[in-house]
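Have a look at these structures, which come just after this line.
Next, two complexes with chain A in common: one pairs it with chain B, the other with chain C.
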Partner chain A sequence: MSLPILPWLVLSIGLLATILISVVRVGTKRPAQIFALLTLLATFFYSVTTVPSGVENVFNGAFEVSALTQVGLALFSLIGCIFVLGTSRYLTKEGIHISDYYHLMLLMILGAAVMIGSKDLISIFIALEVMSLPAYTLAGFRRHDARSNEAGIKYFVMGGAIGAVFLLGAAFIFGATGSVSIDKIFEWSKVAQGDFTLFYIGHLLVLIAFLFKVAAVPFHFWKPDVYEGSPIAVTGMMATVISAASFIVISRLIGIVDFGRIEWGAYAAQLKQVVRVIVVMSLVVGSAVLLTQSNLKRMLAYSSISHTGYLLLGILSSISHPQEIFSVWMYLFGYCLMTSGLFVLLSQSEPKADMGVELIDLTGLMKRSPYTTCLWIVFLFSMAGIPFTVGFFSKYFVFLSSVSAGETAFVVIAAVCAVVSAYAYIRPVALMVMRDADPSASNWKGSPVSTVVATVSALAVIYFGVLPGTIVQFLKGVPIGH
Partner chain B sequence: MNLSYLILLPLFGFLINGVLYLRSTRNSKKVSAELSGGIATVAMLLSFAAALYNFFLLRQLPAEGQLFDQMLFPWFKLAGMSVDFTLRLDPLSSVFCLVITGVGSLIHLYSIGYMHHDAAPAKYFAYLNLFCFMMLNLVLGATMPHVFFGWEGVGLASYLLIGYWYHDPEKVGAGMKAFVMNRIGDIGFLVAMFIAYKFVGSLDFIQIANTPLNPEMTTTLGLLVFFACTGKSAQIPLFTWLPDAMAGPTPVSALIHAATMVTSGIYLLARMHTTIEASATTLSVIAAVGACTAFISAVIACAQTDIKKILAYSTVSQLGFMFVACGVGFTIAGVFHVMTHAFFKALMFLGAGSVIHALHEEQDVFKMGGLRKKLPITFWTFVAGWAAILGLPPFSGFFSKDEILIQSLQSPHGSMPLFLVMMAAAFLTAFYMTRLLVLVFLSPSRMGQGVEKSVHESPLVMTLPLMVLGVASVVGGWFGLPIHEAHVEEAAGSSGRFIMLASVALALVAAFIAYKKYGKTTKVEQVNDIAREGFKIDAFYLSFFGNGTKNVARWMGNLIEQQVIQRMIRWTVAIVDLSGNLLKVAQVGSSQAYLMMMFLAIFAVLAWFLFGVGQYAKF
Partner chain C sequence: MLNFENTMTLANESLNVFMVVPLALCILSFLIPKGLQRAYAIAGAIFFFALSCYEVSQGLGGQTLPWLSQFGIQLGFRLDSVSKWFVVLTGLVTFIAVYLKGNWYRKSPRIFVASSFFMAFALNAAFLSTNLITFYIAYEAVFVPIIFMVGIWGTQTKAASVFKFFLMSFLGSIMMLVSMFYLIYLYQSQTGQYSAQIFDLVQVSKSIAPERLCLAFFGFFLAFAIKVPLVPFHGWVRDAYVNAPMPATIYMSGILSKLGVFGFIRFVLPIFWDQAIQYHGILVTVAAISVLYAALLAIQSKNPRELLSYSSISHLGFVMLGIFSLTSGGVGAAVLLSVAHTLASVVLFMLLHFMSERKEDLTLDRFHGLAPRFPMLFVAFFIAVLASVSLPGTVNFVGEFLVLSFSYPVSALCTVLSSIGVILGTVYMFKFYQYLGFGSPNPKTGAESVAKDIGVFEISILIFMLGLIIYLGFQPAVILRGFSS
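And then the complex of A and B:
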């Protein structure tokens, strides 16, 4: 039997089973956790074993099954496994280790996985909401903490508004092209004549909706507050799954227009101009504010804003050179790997009541637990893009792509920002290794499982940092859809 | 020929010592310096043996084909280009390998004695082995990314070792400063790599050398590479980190900040010399920067009182000499000086370490004196180093340094002003080095009673490396560079012979002045006012070198280092901080404000966008 959407079906059925088991055995958490883990493992297994070589359209062209979407799904389920295994002790500690956590999480992953395959503005919107609604709930999951409630509400209000922006843009596009199917819009763009203003506005609005999701400056205000308030495990999922899925959709939405045609030249030029400004602002704001933060979760929020800048630099190169999009895939791969590992480590903290994890809590960690410190160092170095880690190659390929696309000036800016932010990433290392523990520093204690998970991530970070050949080769071969 | 042992041995040393250290933090039992140092030293000695063996194998190849590539594994592939992890041995990398592993082994051995009382010697030796592994990668890499890997790696190891005694915030700061300065230089390396990728289509050094580029691109590439070198090799404008880097343990200063890492800039220029020499602009910039660095840091060295700072500024100055050699298109003389300098400067640093060790961490030369009798081995080996840096025949420095001086005048890219600056720098070198020698060993003792009694010669494990390096400092220059294709030519013609004589005479005069001026220094208080004493021999020279030099040096130190460079750094930090804080203010925290800002941003983007498309459409 050949069923292209099998991995997605496995995930959906697993999700339903997980809901069912927690209804049948009310008040337990362990069965739901095991079901969620099995679902994610099965999804991962089916998606990596059945990677198609070409592009298969299902549901009348509304959904695409290809190497890209399937590897995306595999990555999301892998991240899901990392968090299910790595953060269960954290959830127990916070008193939110309940079965509902697992369905919401699976639902979020399902939304993200469907969104990256959607080739229709309507199904993108539905998948976006399927992904976002659980995320709003999870952000406010620590019910007794005012900041968590605030994060949930804030994320919901901002997300609702941006959903409206997306719909408005989709309506404009429908008005201009007479279709919501991405393939049909692409066909339209090959032959269309006349005034495209309506389409420009629509296209820009749908792009802005996703630039909001990845928190590109100036659409980033929500991010630090939401990151700080949400439970660490949830923040980690938002930083990886939602960002990666949104970037894949951004590349799809950029590719909606046939930029090879001379009629689109003015639009391409102006679009690039806009993206360039957003790139520079994201890089500068991300790196500069990063230096001033003392709360680790806020730091990671600004760090992800600066990563957004590098990723958009790759997207920018792909507007005129579509084959360079592989550098974005490579960056997403490395970014997800190191970010999920870092969040698992972060969840090992034991903060004092009502206090976030601060930089000062890391002081003297080398003395207290040398092994975990080594893991921290691997992930932080990878964030800073130091060679020998996957983070180096992530930046390296984005820079190379941008140079080939003629964006050398922006590579220089990005390189300077990388130097500035490297300081911010090295600072925690210095605190861990060179300072004695501050009396007020909180304890760190993770379950053995979470340390094993973080170790595996760290080994992967180093492995792909030394031998990126295989993954680069594979990502370059991923067919470029539109 | 198998090159992998060369780099794997230090890596194993690093891993073993790393595991030993991590175990020791858990059960808080110290790993002894003998054990961890022994492992590290044996690893380096074996690596040296491998380097020597490969060197002789290489020499047996015909002179034209002295090149051996060993692919370890494929690294990554890019559009139409694959980069492998390849080690390349040719005469240039062979010489560097011998210096790194040879001098490295001696310094490892010396460290066993020096770090005997340290709390965690295993960590120290792990870092030291890591450094050697990275440095060998740097010189053996066949492609730019591979060299960059080593380049970053040595930077990391250097950072770890400078801040090794991390309880002292000043030392941690020095480590940070070195790291940041090096990262600034790295931007040049990265951009050069991108240019090579785009315009040459290959990152292999041979391909880069064989692909002609247009003149502007050649100049750009050369200048970017040189900018990278100014960071790693401490040239103007990025030289200030090196004197601060002396915060690390003294053997580290000898290995990393005198003999090997700081010469990697020369290595890179030599590796890319076809590109560098294809552009007259690049060459003249390199020569000018090198000469200025050589002179200015020699002046500053004359006014220092910390023994390690004197040697540090001296290193900066000598590196300037090497850059001048590259800048007049005579790279091979620079490489030759790298080798001899590695011998005598490592020797002097280790000697200084022996003195500091004997005097219980005293570093002020005005609180020393009369150590000739107390530390005889240290003294005599130090004299060998002193004679070598002065360029007295037949010591090694004579051959390499005079080659540079002669070429700075006679080479097609040389000139009279360049030559005069270099002669002045050589004169100052002789002055400050003699001053150091005299103040530490020959002048009357100015040590405190308690200190003086406990002074003793260092153990054999420390003096043995001194003796070996002492011999190397004497004979190291006799045979020229040990590679076929690059015999350092004999000084050409009568003017060459004249320059040789003049420079030796000049050095002796400077040494004599310094001896007269500092030979009878008896009081500690003289630190405060050197100029009051000793204008007895030659009023002109002494007023120049006494008050004048001190003031000029102080003024230069103030103006260039304090006022200009430090301030630039401080302003940069302040601007980044300020902008960060300003942006933080925008983070007011209320949803309404965020929504408003978001929609304003959407309107701004849309408005600008539509206006912009209209603009483009008109053309």
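And then the complex of A and C:
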């Protein structure tokens, strides 16, 4: 019996089992952790072994199973594994190592995994909420810390409001097209005549909701505070799983109308203009403010804003050249890989509460733990886009695609921003390598497991930086389905 | 159009030794105990240098290996009559850099040795690449060892100088990358396939309206002009050369600057031939200004390293003048002068290092009177100074003479201005020699009187290097043979 949604079922059943098992506590062992890990591994296994050749629609076309969703789910469960393994000691240290953490995390991954397959505005909204609600809770998980509470409340209020914006946009689209199914809207766009103003407004509103999720400027104000306040493991999940899922949905929503048709030409031009403005603002604000940050988590928040800029550049070129979408997939792949590794390293900071991990705490790390420093350098170089790391080829394909799509001027801007942000990423390297250890700097000591996880990520970053051929070839064959 | 030689009939296909050997030496260095690092590095570098010479003597060659062929990124390498000299120089400079003693062999020597061999690997990959993207990757990879070297063993203000160097170079090279994308895109829009091979892109650039390539030309120009450096883009040089540890300075002056020169010859001239003709006046003027302005800066320098770094810029201005004469002979003269400059500046920096090992403070505002105490060192120093001021009989003379004679028909004014640079060169170089060698030493600083003159091994290296300078001065045809005039 072939069951296309098997990986999602595995994840859901594992999630339910984890919730049930989380009431049991055997000594200091945490069965929830092991269950979560097993669930993620099983999901990963089933999603990579059941990649369909085409697109299979299930639930009357409200959900699709395709190479894209399968790869996305595999990536999310892999990131989940990285964080479950890599941040276990961190959670213990912070006193938040409780079983609820694991099933909330699984719920978040499930929401993201359902969202990338949804082909119906209603199911996208439900999945969005399934993904976001656990994220709000997890952001405020360090209950005794005011900043964590702030992060939770801020994220919740803003996220709730933006959910309403999405619903409003969906209502407008429904009013204009008479359907909430993406496939039906696409069919409508091929034949529709007349005034599309209602649709334009609705389309922009639903896009804004997801631009908020990925914190494109000017919808980025929540991000630094939420990143800073949330536990590192949660911030890492937000930076990777939620961003990646949101970008996949953005590319699906961008392609909701048939831009090949002459009637949509004017709208395509205007939409591009909007995206261009957002790209430039995200790049400039992300990389310029990145320079001024001294707190590592805020730094990563602005770093992810600038990465959003590059990703949107790829999306921009895919509006007129849909085949260039693979550059976005490649960027997301590289970005998730290096970001999750970096957050695992960040969670290894020893004595301070994770709030205060400042740049200065990295001073002289080369002397104290050369091995960890090498891992840091790999990830930071990858962020900066230095060759022989996956970050180089991520930027490479986005720039190449955008030049092909005729956006050369924006590639130049992006390139200048890459130089500026490279300075910000090399600065920690300089602190680690060039300075002598400062006695006030904190210690970095990870559990052996988290070091192994970070090492594997670093090796993957280098492997895909040297031999990206197979993954690019594969991602090139992953179109956005209709 | 420049036509060096027919590259289709090249037989030598074992080019990967130029990359594999230094990379293997780099990785092996982590297994060698700290005490043996210097011996290992010297032995490895001599082996590598000898191997490079042997491979180059086997004839020119080319090979292409697949990497990301579907995106036009092959590992294409070619050894031609330009790149073979730079490859040999890489081996030589690597040997000198690891030979010098200093705090890099006391504090984390493994990283130093590994960085040196990684540098040799990246440089060779850049000098041999025929593919723009692999060239770019190698060109960027050169940063990494420089950052480590300056960062770990540099002087107090090293962080600022590393950042200046890194940011300026990175800005240039990323503009070059964007220009490369544009060329690749043009090729793709014409043929439907991706290619970053230089031969393919030259075809594209010929078939396209010259105005469309202007911005791409300036992208490449900026990258290489910063790397060389030419005068408006020289801001990073002084700090980087002065604050870097001596091996890094030797790398930067001796061979990294040649990466820019090489980029102009290998990439800018063939692809942007029309643009080079169009902006010819600007290019020649920039080169002439580099010669003069850097010479003036060198005259007022009080720090010997600063003086040598400005003198480097001035001499590289001559090299660029030769290239911008846009004749095959001028390019040949530029290659000859590049080799000459590498030999002379490496010897000068090496001698300066020997001097600073013997005396801490070498500020050029008073006489140090070192010549009577270290006669052998100063004999070598004198010959190197003569080479640097292009005395007839040294290869530098032949190079500068040829460059000026090729650039005269192109721009008489710029040639005359640059000739003044030769005279200014004698002013600062002799001042340099005079302050360090002559006069009565300050009696207060007598502590270093126990220091000895240079030893036999140092002397034999110097004889080898200076002998090369003089040999090539009489036999420049060895290098010029590949360039028909």
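The working rule: the second predicted complex is superposed on the first by the 470 of 482 C-alpha atoms of A that agree within 3 Å, B and C clash if a C-alpha of one lies under 4 Å from a C-alpha of the other, contacts with A are read in each partner's own complex, and residues count from 1 in each chain.
The working rule: a contact is a pair of C-beta atoms (placed from the backbone, for glycine too) under 8 Å apart; a residue touches a chain by one contact, two chains touch by 3 or more.
Computed from a prediction, not measured in an experiment: that's the story for all the values here.
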For this session: Mind working out whether A:Val419 is in touch with chain B, chain C, both or neither, as first, second, both or neither?
Result: both
Exercise. First (chain B), second (chain C), both or neither: which does A:Val472 touch?
Worked result: both
For this session: Report for A:Ala430: first if it touches chain B alone, second if chain C alone, otherwise both or neither.
Result: both
Exercise. Chain A residues in contact: does chain B have more, or chain C?
Worked result: B
For this session: Pick one for A:Phe219: touches chain B only (first), chain C only (second), both, or neither.
Result: first
For this session: Examine A:Phe464 and indicate which partner it touches, taking first as chain B and second as chain C; both and neither are also allowed.
Result: neither
For this session: Based on the superposed arrangement, let me know which partner A:Leu204 touches: chain B (first), chain C (second), both, or neither?
Result: first
For this session: Tell me which partner A:Ile386 touches in the superposition: chain B (first), chain C (second), both or neither.
Result: both
Problem set entry | Overlapping contact positions on chain A, where the chain C interface meets the chain B interface | 386-388, 399-400, 403-404, 408, 411-412, 415-416, 419, 422-423, 426, 430, 433-434, 467-469, 472-473
For this session: Can you check the complex and tell me which residues of chain B touch chain A?
Result: 22, 25-26, 73-79, 148-149, 152-153, 156, 163, 166, 172, 176, 179-180, 183-184, 186-187, 190-191, 194, 197-198, 576-577, 579-581, 583-584, 586-587, 589, 591, 593-595, 597-599, 601-602, 604-606, 608-610, 612-613, 615-617
Problem set entry | Residues of chain A defined as touching chain B within the complex | 153-154, 157-158, 161-162, 165, 197, 200-201, 204-205, 208, 212, 218-219, 221-222, 224-225, 265-267, 269-271, 273-274, 284-285, 288-292, 323, 366-367, 370-371, 374, 386-388, 393, 397, 399-400, 403-404, 408, 411-412, 415-416, 419-420, 422-423, 426, 430, 433-435, 467-469, 472-473, 476
Problem set entry | Touching residues on chain C, where the partner in the complex is chain A | 67-68, 70-71, 133, 136-137, 140-141, 143-144, 147-148, 151-152, 154, 158-159, 162-163, 166-167, 170-171, 174-175, 177-178, 181-182, 184-185, 188-189
Seminar exercise, completed: Per the touch rule above, chain A residues touching chain C in the complex are 381, 386-388, 392, 396, 399-400, 403-404, 408, 411-412, 415-416, 418-419, 422-423, 426-427, 429-430, 433-434, 467-469, 472-473
